[in-house]
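Labels A, B, C and D are assigned to the chains in the order they are written; within every chain, residues are numbered from 1.
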Amino acid sequence: MMSQKHASYRADKRRFAVLIGAPSLIWQLVFFLLPLLFLVMMTFWSVRNFRLQPDFTLANWTMILNAGFFRSAYLYTFSISMITAAIAAVAAFPVAYLISFRLSPAAQRMLMGLLVIPFFTSLPVRIYSMQIFFSPSGLINSALIGVGLSPITVLNTPVGALVGYLTLTMPLVILLQIFALNGVDRQLVEAAHNLRCGKFRTVISIIIPSARVGLVISFAMAFVFAFGDYISPQFLGGSNPPTLSILMADQVKSGNHWPRASVVAMTMIFTLMAMMGLLLKFAYGRSGR
Amino acid sequence: MSVTILELDGLSKSFDKQSAVSDVSISVQKGEFIALMGPSGCGKTTTLRMIAGLDAPTEGQIRIWGRDVSQDAPWRRDTPLVWQSYALFPFMSVRRNVEFGLKQRGMIAKDRTVKADEWLERMGIAAFAERMPHQLSGGQRQRVALARALATEPELLLLDEPLSALDPHLKVSMQTELVRLHRELGITFVCVTHSHSEAFAMADRVVIMDKGTVQQIGAPQQIHRRADNRFVAEFLGASNILDVKVLYADASGVAADSAIGRLSTQAPALKPVQVGEALSLVVAMDRVEIARSLSGAVNQVPGRIAMMEVMGASITAIVETEGGVTLRSQLSSRDIESNPLAVGDTVVASWDPASAYFVAH
Amino acid sequence: MTKRTGSIGDTLTLLSLRGWAFIVFAFIFAPIVSMAAFSFNADRFPSLPWAGFSLTWYEQVFADPMIRRGLVNSLLVALAVAPLSTAIGFLAAYVDHRFQFVGKRLYMALASLPPTVPVVIMGVAMLTFQGRIGLSGTLFGIIAAHVVISAPFAMVLIRMRLAELGPDIEAAAWNLGAGPWATLREVVIPFCAPAILASIFITAAVSFDEFMIAWFISGQNETLPVRVLALLQGQVSPRINAIGTLVFTTSMLLVILAQALAFRSKAGRR
Amino acid sequence: MTKFPVTDFRGLLPMLNRRQILKGAAAVAGAAAFDGAMTKSYAQENVLNVLTWPGHGDPAFVAPFEDQYGVKVVVKEYVGGEPMLALMNQSPPGTFDVVLADAEYIGMLQEGGFIDELDPADYPLADYWPEFQKFPLHWSEDKLYSVMVRFGYLGMAYRTDILTAEDVQSYKAMWSEKVKGKVGFFDWYLPTMGCLSLYNGNKPPFDISEGSFETLKETLFSLRPQTNGFYSMADQFAMLTNGTAGVIPGIGDWVVLLLQNEGVPVDAVVPDEGGIQWTESMSIVSSSSKKDLAKAYIQYASSPEGQFRTARLPAYWASIPNKKGWEKMIADAPEDAKKLRHTFDARNVMDEYKDGKIFIRQTPVQQDIETWNDAWSEFKAM
């Protein structure tokens, strides 16, 4: 009798936990992990006459990994994503610092509200608008010519892609940095001032180290988003040169070659995982002291 | 006639192989006000949580009215708890907080409101029924927490450090109120506290715990008069504790040697002692008298007054003896008036052999 | 004295900070403003100078059955995704908050990682997988994929709120006789209400703007962003600006409305 | 602390009280019911699903058909033959009723069992220009599988303010200093590489030996320093309009006609080395359950009325194969007929065909599609 009741309370607790935990697990297993695993499996399939055929061949891997166009696309995608993340992080920091430390709560609230707005607008449309801005007859070049400078070519160059990546990542990076900076203990900052640490030195020696985790995460997110974006390199970079995401789409176009596209996808996922791991290790690693 | 309502029987609890409570046995009578006391980390709160079912005992039984409830879910027990943090539901009005337990017992809305209002009235916070918890002061929240716990009319009320979050002046009045409430309701209170003054002022019996084990159980006066062991004596903090070695012992008393000379006690020494045994001698501070000169009686220790600590109406004279041991004597301000003392005075401290007792090292 | 010179330097710093912030905000908002402006431009191929005010593109948007259908699909998908992903995200957040178990790190990784996988890859994976099980091309297929990427947002939002739920609150509910389900219903969910509401908005927005995965799997049931992308790739038309502006104003109106209602209700409660 | 920093988004979304949430939920539920009713109609019988290049679902073309048959035409758009094949492969049976494809893919669709044989008597092929009455790519073993709806020529499109008409008499213009960094490409290997193959003197351009293919790759790669970018369909319009691109090979009238209407200084040309013909043809999907409606749709598209309308699709214009359609255009929209060169009294689009300068676009014959496409990927990533 006693042990039965004992068991039933335990069973109740377990059933509760299972019922609470199951929906997320099942949904993400079925609709997220399974498709990705399927993608892994498909890297070993072959394609004949536009038809996918279950197979076990390493041909797709060797073909893609040895292809010169894959290597250059990989190098390009990786470096431009790093550049994007670096520029975004550096350009955003003064703005985030201003909003977090120097403005009134009301102004802070308003500016953060503004920064949420881009999330409610369509990215392709925003990218398309950038096309108009940077076209030879667009606003930027008209202004440059107006003040007697020579026009600049941005569209269909890596710089164009960069403009798109920044359009995509800037609002997010600023918001994440504000969150990181708002988490910095204000007493620490006051203590630094009290010890005659100048404002600039306080930023370097107190604020940035204290907010490091958040700052690194904002950098990592910018990298992740740029690395996977398809729209910016396509519409502003003119896929000149193409990124890995464009390469994926091209492989699909090329005779329905999903297996090769899957190989490209795998290399992207590995890269992102490695980068995230490294960055998070860097972010949390030294704080363990 | 006393009836046992709650029995803790060999209760143990460990977290990750770390023992938090070990072999605790307490039996609580119906209508008693019991205080669990001890330094932080002594296991008193874990014991309380086990009674409420929030932690499951690793070993032992909890019996309420003789029935083992140790494996019952917390929501199946009738052991409401008044939380140190009050744990009021922040998004519910005061009234809905108080109604919560009643709702879980299936009481219909109308009756709940009537009942909740009764309790709010009784706790003197009827005016705040519509307020949210964050709009109340600490004392008011405490009353809401009490009303919420009592609204289901339990036979056993658990209190976890009920006064610790209050301002000092509120503490005293709330203390009185808890005692009044206990008397009026006639139900059993089990209260965890780390403060002796609270425990001694409110409880019928006090359980002193250390490192997960019970050190002593007894009525406040009894514990105060005679601690069971050195830990209790030290924890209560109101005694001089001297290291001694037994010289001889017989039915009438014990003589012992110490750094400040030979000291004697009159029977009964708490337990039989052996000649040559190293023990601690405990003398309550308020039993130590101060004279200007030796009078030839036993237990007289000459020394110098090193410091006078004034604590409200009482004054503690700290006497530095020649043996290098300090003795504390608690005097009333009246004593001082009749016998003015100053720092640096040469004095003789002494005590009645009947008021001292031995405990193990 | 030193304070005075310091404050002059500080004023300069503040000024340059503000100047830089202005440039960055201009960069972020220029495309949105120009989108709105060009939606009223008479020229078909948008370029400067401005060719005159026109509502043609809006008329075309409202007249285009494919755009209307895309809008309806997007609304349907977002309406399903918002509550579903919020519910799933809530449960995952609660698991993280409440339980300790072997494999929890894996569980949480699965619940939070999807947004870090590039949408192109998700699109390809979803299409091949859903194609096999006959889901691609259905609205449910889009909903399933969108829940995958938006539930983590809900999870994070609600998890932050749960972190503020004192450790004693749930225990207090059990102590007063509420079982785990009753506690969830009467204590945890009401406590999380603001975060739940916010996550309904955010997940709806995530779904409503998602174009890449939907582009791959939507088949005949195009959503609005997919239609926009198709217009963008297939036939440049200022209709894109008009749609963009409409979507944007609608989303913004919703948010502002929510704010206004909240303020009014706050004022009324006093 | 003097400030109260906002630490997350929730501060921006103040809580609503329960009544408002309920009200909102009710409104949402109402909207869902309404929307449900709307979408339902699309799943019903009176819908024709068409897989097509962009722009073909425009009311300007489908409205008369919809009115006549009381149905809704729902289109799914694709860009490029390979995505079309992928979509056909991946969609569940019954998704599409009609597919509009380029002629070179008809054979593959037929081999894959995706499309039905057609009865030539059902369609006004007799009214077509003789060259298109028995268009080889539409026939297999003397059975008809597809009906041509539109066609056009691919050569080069260029900005007239950058290049002159003489410049573009040869594809050589792409290597000119005038368009350094201004050569744009439609991001599809087939038309561009076809034109360059013609420039190399390969006739027909898609049936070439391994050696010629290697030369073709070299020719292609030598264009890399001139390259501006790789455009989506729409980007071609935008880049020619804003002057980013000076010349784009592998496209033609279908891009420039619209731009000329907008006053953009552009033109298209079939250079001396020759041009490539593209076609858009319609077939009935085998898994369709509405084959009669599908047949009626193709009949409409090939009728004079349908031809007249599809020629001037707002997305992009094209030539039509039905002479009766020409006649209707000359009668109803003589200006447009002139722009499209669909006139009988002057040199018209068919004359270029007769000159022997035009080659039909097809998928590579001696190499795999992948081989060509990989060369294209390599070119892009250079």
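Throughout what follows, a residue touches a chain if its C-beta (ideal position, glycine included) is under 8 Å from a C-beta of that chain, and two chains touch if they have at least 3 such contacts.
All figures in this text were calculated on a predicted structure; none of them were measured in a lab.
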{"item": "Chain pair showing more contacts of the two, B-C and C-D", "value": "C-D"}
{"item": "Label of the chain whose CA centroid is most distant from the centroid of subunit A", "value": "B"}
{"item": "Chain nearest the overall C-alpha centroid of the shown protein atoms", "value": "C"}
{"item": "Between subunit B and subunit C, centroid-to-centroid distance (C-alpha), Å", "value": "56"}
{"item": "Geometric centre distance via CA averages, subunit D-subunit A, whole Å", "value": "34"}
{"item": "Chain centre separation (subunit B, subunit D; CA means) in Å", "value": "88"}
{"item": "For subunit B, residues that touch 2 or more chains besides their own", "value": "73"}
{"item": "Interface hub residues of subunit C, defined as touching at least two other chains", "value": "47, 193, 232, 255"}
{"item": "Numbers and ranges of subunit A residues touching at least 2 other chains", "value": "12-13, 116, 132, 135, 137-138, 235, 252"}
{"item": "Chains touching one another, given as label pairs in label order", "value": "A-B, A-C, A-D, B-C, C-D"}
{"item": "Residue ranges of subunit A in contact with subunit B within the complex", "value": "2, 5-6, 9, 12-13"}
{"item": "Residues on subunit D engaged by subunit A in the complex (per definition of touch)", "value": "1-9, 11-12, 80, 82-83, 85-86, 89, 108, 111-112, 181, 184, 187-188, 227-232, 235, 238-239, 242-244, 368-370, 373-374, 376-378, 380-382"}
{"item": "In the complex with subunit A, residue positions of subunit B that touch it", "value": "68, 71-73"}
{"item": "Subunit A-facing residues of subunit C, complex", "value": "6, 10, 13-14, 17-18, 20-21, 24-25, 27-32, 34-35, 38, 46-48, 87-89, 91-92, 94-95, 98-99, 101, 107, 110-111, 114, 116-122, 124-126, 128-130, 132, 144-145, 147-148, 151, 155, 180-181, 184, 205, 209, 211-212, 225, 228-229, 232, 240-241, 243-244, 247-248, 251-252, 255"}
{"item": "Subunit C-facing residues of subunit B, complex", "value": "52-54, 73-75, 78-81, 83, 85, 87-92, 100-101, 103-105, 148-149, 152"}
